[in-house]
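What follows is a set of structures for review.
You will see two complexes here that share subunit A, one where it goes with subunit B and one where it goes with subunit C.
On to the complex of A and B.
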């Protein structure tokens, strides 16, 4: 390519980007994100309501009828919130950001995202119908040998392929942008999107293999299935998914929140290094979900410990970066003394308050996670409500509150409307209710878990056993928290659809903070995604080759399908 | 020169008997962790030798080809199953492993990599990728123990280790073939 052609491309690219930034999102891209957001928040509404039913049943306050039992509700709650809400929100959010930072989506990419959307919706219907029929009460982890209807697995496979369509769409758009902008770094937001979609694709390969096997097994084409291998493949994805949510949340912490508080974002190079480290070290971390599984050797447990804690390292870097930005901005705004800068932060702005509480929640959430990574500590809490409390704090608070915070500018941005002061107040109230609800619910779950109350089990007193009866007061707190949370869900869903269709018209910006000045030049090697992917695959091989070969070659007889409910 | 010290420290660490015996107790860790780490230790120590013996490298490794050939030869030698058995049973072969991999593979690799052209780099990369596929196939398919010291399951695991590495190399090669050099000046 000669230099004039490069120049022409540069001018064309930058003109398009500038016009996009000035004019806001194009109507077609906006419609795409709006659809994704609508599905995400409808899933929140239904999933949240099911969560309340569960909480009440678990506390012994309500007996669900046999045609709509606890395990059905639990499965639907998990699928709707853990898979649907997060996947749809993440994709909608990143596609809006890609459209903003890359100067609009390419027409074929938009088409791919729509195909992905409908595949996921059809997949969702396939998955939900058997759950309603009580033919798939296998919980969202769908561990064999519990066997659901094959259509449940087909639905899951469709959802995964839909996600892949979106991942490849994002890759195509970013690659095209790089072609048009030779020598430039991928914009930081698109860099986060690349990391997330790389993990979404590579992280879900294992579970796709598992699901395809389970389809054949539940149809009866295959007599038995290797249970431990299936669980291992599931967690290679499950754990990655956790970090996909986390990376989506920190994209807002690094890029969006500094702009909202009127500051600049942390070092560009370090931010990119954090993303790269998260992508590389993530997938083999999945073993820590299987610490107490039989057939996992000591060496493997040690490896999982190392891989899990190595993910903790970029998290600590993130904590440092966030507090650094807050302190710097607070001092710039006139904060004095050791903690005076804290007062200067815009606590009355929901776009800051929600992600800030999310970050604070991540301190105990992350610490609890590290405790669970240890073999001995994990044995104490593994099958108890502690674990449920843990992920309601990580996903249910750190991630979801960030998503809620994002919604207060993203929805007005895509709808060409504004966030009114009144809606901001609604948001603040929602955030406080949610925080209180989670404090009660997650706190009670952690505590009662330590006392031995099991997870994945509907209410029982074990024949009025004294220990089991001792859990009851905590379970009441759980129900109180759940009730507060459903109020939070209702307010949030109302706020989203109000901002989408009824808020006053106007322009809202997509808040992306500028990097710090004086900015050191970010090295070009950070953009070598091909290399990072290969290193990631090498790390994945290092983590998985030994155990997976062992699980296959030394496998016990496989298991036929069981319907336990 | 700091790097050279790290390299020496790594080599000495790897040579501590308990460390060596842990890594040698599992076949895949012996071949895919201990041996590459020994090469890396030499790779890190290379600047020391380059600065002390500049004439030697200029004379014997002018265009980098002899060095890369030596590297390849040593690497291929240590891929032969019999050599692993020998290293475990004969002390002199074990000693040779700790000398050859750092000093006859790691050091020449560092000295040669910047001297050889991009074409030669590609050839080296492709040769090793192909070799890894072949070795993977050999270790997975061999119906009998190739090493007296390791079980068949260890051998199959190592084979899959080779296969996955080869797949990773292939992906990287495909990636390099597809990117536009002018836009992102990536080199092998």
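On to the complex of A and C.
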């Protein structure tokens, strides 16, 4: 290609980008994200209702019938909220952002995202039908040798492949943009998307191997399965997924929230470094779910403590960045004194309030995470309700409230409508109800977990055991929290579909903040994704080669399938 | 890559905190022997009843104030259950599962371990306080999971 052709292409590319930014999202890209959001919030509605049933049951206020038992409900609650809501929201959100920052999705990428969408929907149907039939009450962690119907695993495999389609679609779109924009940095939002999709793909390879094995085993083609290896492969994905949600949430904290409060975002270089660190250090973190497992030495578990704690480091960088931006913006807006800047922040704007509470929740949530990953401390709380309290604070509050906050501008943006002051008020009320609900529920779960009450157990007094009876007063708060949360769910789902179809028409911007000024030029090495992926794979090998080889070579005879429900 | 001075301080404190967590955890694990249950022996999960020591589960006195409990876990009970031991005893639990993954948690102690088919798990605890301790399964194992419990009476 000669230089004029390149120049022409560049001009054409940048023109397309500019027009996209001025005109808003194209109808085809909008439809894609709308579909993803619709599925996400329907999953929230159903999964949330199931959550309420669990809270009431666990508090001893409600007895679920045998044809719709606690463990069935718990399996469905997990699959709908942990897999469906988060996956559909994350993909819908990043695809809208890629469309916005890269000048529209490429037609073939849009097609891939649609194929991915339908694969996930079909996969979901495959997974949910056996759950309803009580043939897959194995919870969303599906630890073998409990064996679900093979169709449950086939459904999960389809969902994963559907996610991969979207990951590769994103890679193709970003690669094309880079080709058209030589010498330019990947836009920050697309940089976040790259990190998330890299983790989604590489992080799910282990669990895919597990699920394929379980398909063969549950059909009876394979007599036994390696229980501990399966568990290890599951958690190589399980904890990565947690950090994928987290990275999706902080993309809004770094890029979106500063714009909403009228400020600039934190150092571009350091933001990119945080993303790179999260991608590199993440996958081996899953071992901290196996701290009290047999078959792994204390030395191995100690080495993995480093892997888990190192994920905490970029989060502590993020904590600094968020407060820095708030203070700087608050002072620019006239805030005086040590804390006067706090008053200048737009607390009455749901697009700020929801993610702000999400960030505040992450302070105890992150601290609890660091504590419970430290081997001996984990032993105190492992598989107690403490852990459930922990992830209702991290995922249920830090991540989900950020998603809710995003919905108040993203849904109007894709629907070519606006957020009215009234809907903003609805959002504020929703945020407060959600916060209170989680405070009750997660707080009580943490406390009663420390007292020893186990997770994933329907209401029981263990034959009127005095210790177990002592937990009952705390468990009532699960029902109180759950009731508040379902009100929050109903308001949120109403808000999303109202903004999608009924809010007044108008233009809403995709709020991306400018970098700080004077900004030191971001070094080009940050964009070397090939290098980061290689380093990530080296770290994954360091974490996994020794234990996985050990689990295979020194494996005990495997286990046949069991149906124990 | 230029960093804000305050950020440098913050990150040094953050890194320092993580290092302290590692040091304390490492010291407790390797110097004080407080590490989590991590036994590496294996067993054929389909032949538990025929394999020693699980062919004869029970409570065995192994020394002055020392006991060994050989225990099998299966849906939905612990064998042996209703264990009684004198105050001040140090008890080593040797456990395996005959079917799915179970948990072994003794409330009001730090005993908390996963018990898996194919693996022999070990955990040791000294019971200094008399009383009735609730033992429960803390890994979902099926329809009767909420009933899987027993007690250890220390007197």
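Throughout what follows, the second predicted complex is superposed on the first by the 563 of 565 C-alpha atoms of A that agree within 3 Å, B and C clash if a C-alpha of one lies under 4 Å from a C-alpha of the other, contacts with A are read in each partner's own complex, and residues count from 1 in each chain.
By definition in this document, a residue touches a chain if its C-beta (ideal position, glycine included) is under 8 Å from a C-beta of that chain, and two chains touch if they have at least 3 such contacts.
In this text the structure is predicted, and so the values were computed from the model without any measurement.
After superposition on subunit A, the partners subunit B and subunit C are accommodated together without colliding.
Look at A:483: by the touch rule set out above, it reaches neither subunit B nor subunit C. Look at A:545: by the touch rule set out above, it reaches subunit B but stays clear of subunit C.
In the superposition on chain A, A:298 makes contact with subunit C only, not with subunit B. Between the C-alpha centres of subunit B and subunit C, as viewed from that of subunit A after superposition on chain A, lies an angle of 70 degrees, to the nearest 10. In the superposed pair of complexes, A:133 makes contact with neither subunit B nor subunit C. More residues of subunit A are touched by C (comparison of subunit B with subunit C). Once the two complexes are overlaid on the shared chain, A:316 sits against subunit C while remaining clear of subunit B. Touch criterion not met for A:208: it reaches neither subunit B nor subunit C. Contacts of A:554 after superposition: both subunit B and subunit C are touched.
Using the contact criterion defined above for the overlaid structures, shared-chain residue A:35 touches neither subunit B nor subunit C, since it reaches no partner. Measuring only between alpha carbons, the smallest separation of subunit B from subunit C in this overlay is 14 Å. In the three-chain superposition model, subunit A touches both subunit B and subunit C at residues 554.
Within the complex formed with subunit A, the subunit C residues making contact are 1-4, 6-7, 10-11, 14-15, 18, 21-22, 24-26, 28-30, 34-40, 42-46, 75, 99-101, 103, 105, 107-108, 110, 112-122, 132, 134, 136-143, 145-147, 149, 151. Across the complex, subunit C is touched by residues 69, 71, 137, 139, 143, 145-146, 226-228, 231, 267, 269-270, 273, 290-298, 301-302, 305-306, 309-310, 312-313, 316-317, 320, 324, 370, 374-376, 378-380, 382-384, 451-452, 454-460, 462-463, 465-468, 520, 523, 554-560, 562, 564-565 of subunit A. Those residues of subunit B that touch subunit A in the shared complex are 26, 28, 153, 156-157, 160-161, 164-165, 167-169, 171-172, 175-176, 179-180, 182-186. Residues of subunit A touching subunit B in their complex: 1, 6, 178-179, 182-183, 299, 524, 527-528, 530-531, 533-534, 537-538, 541, 545-546, 548-550, 553-554.
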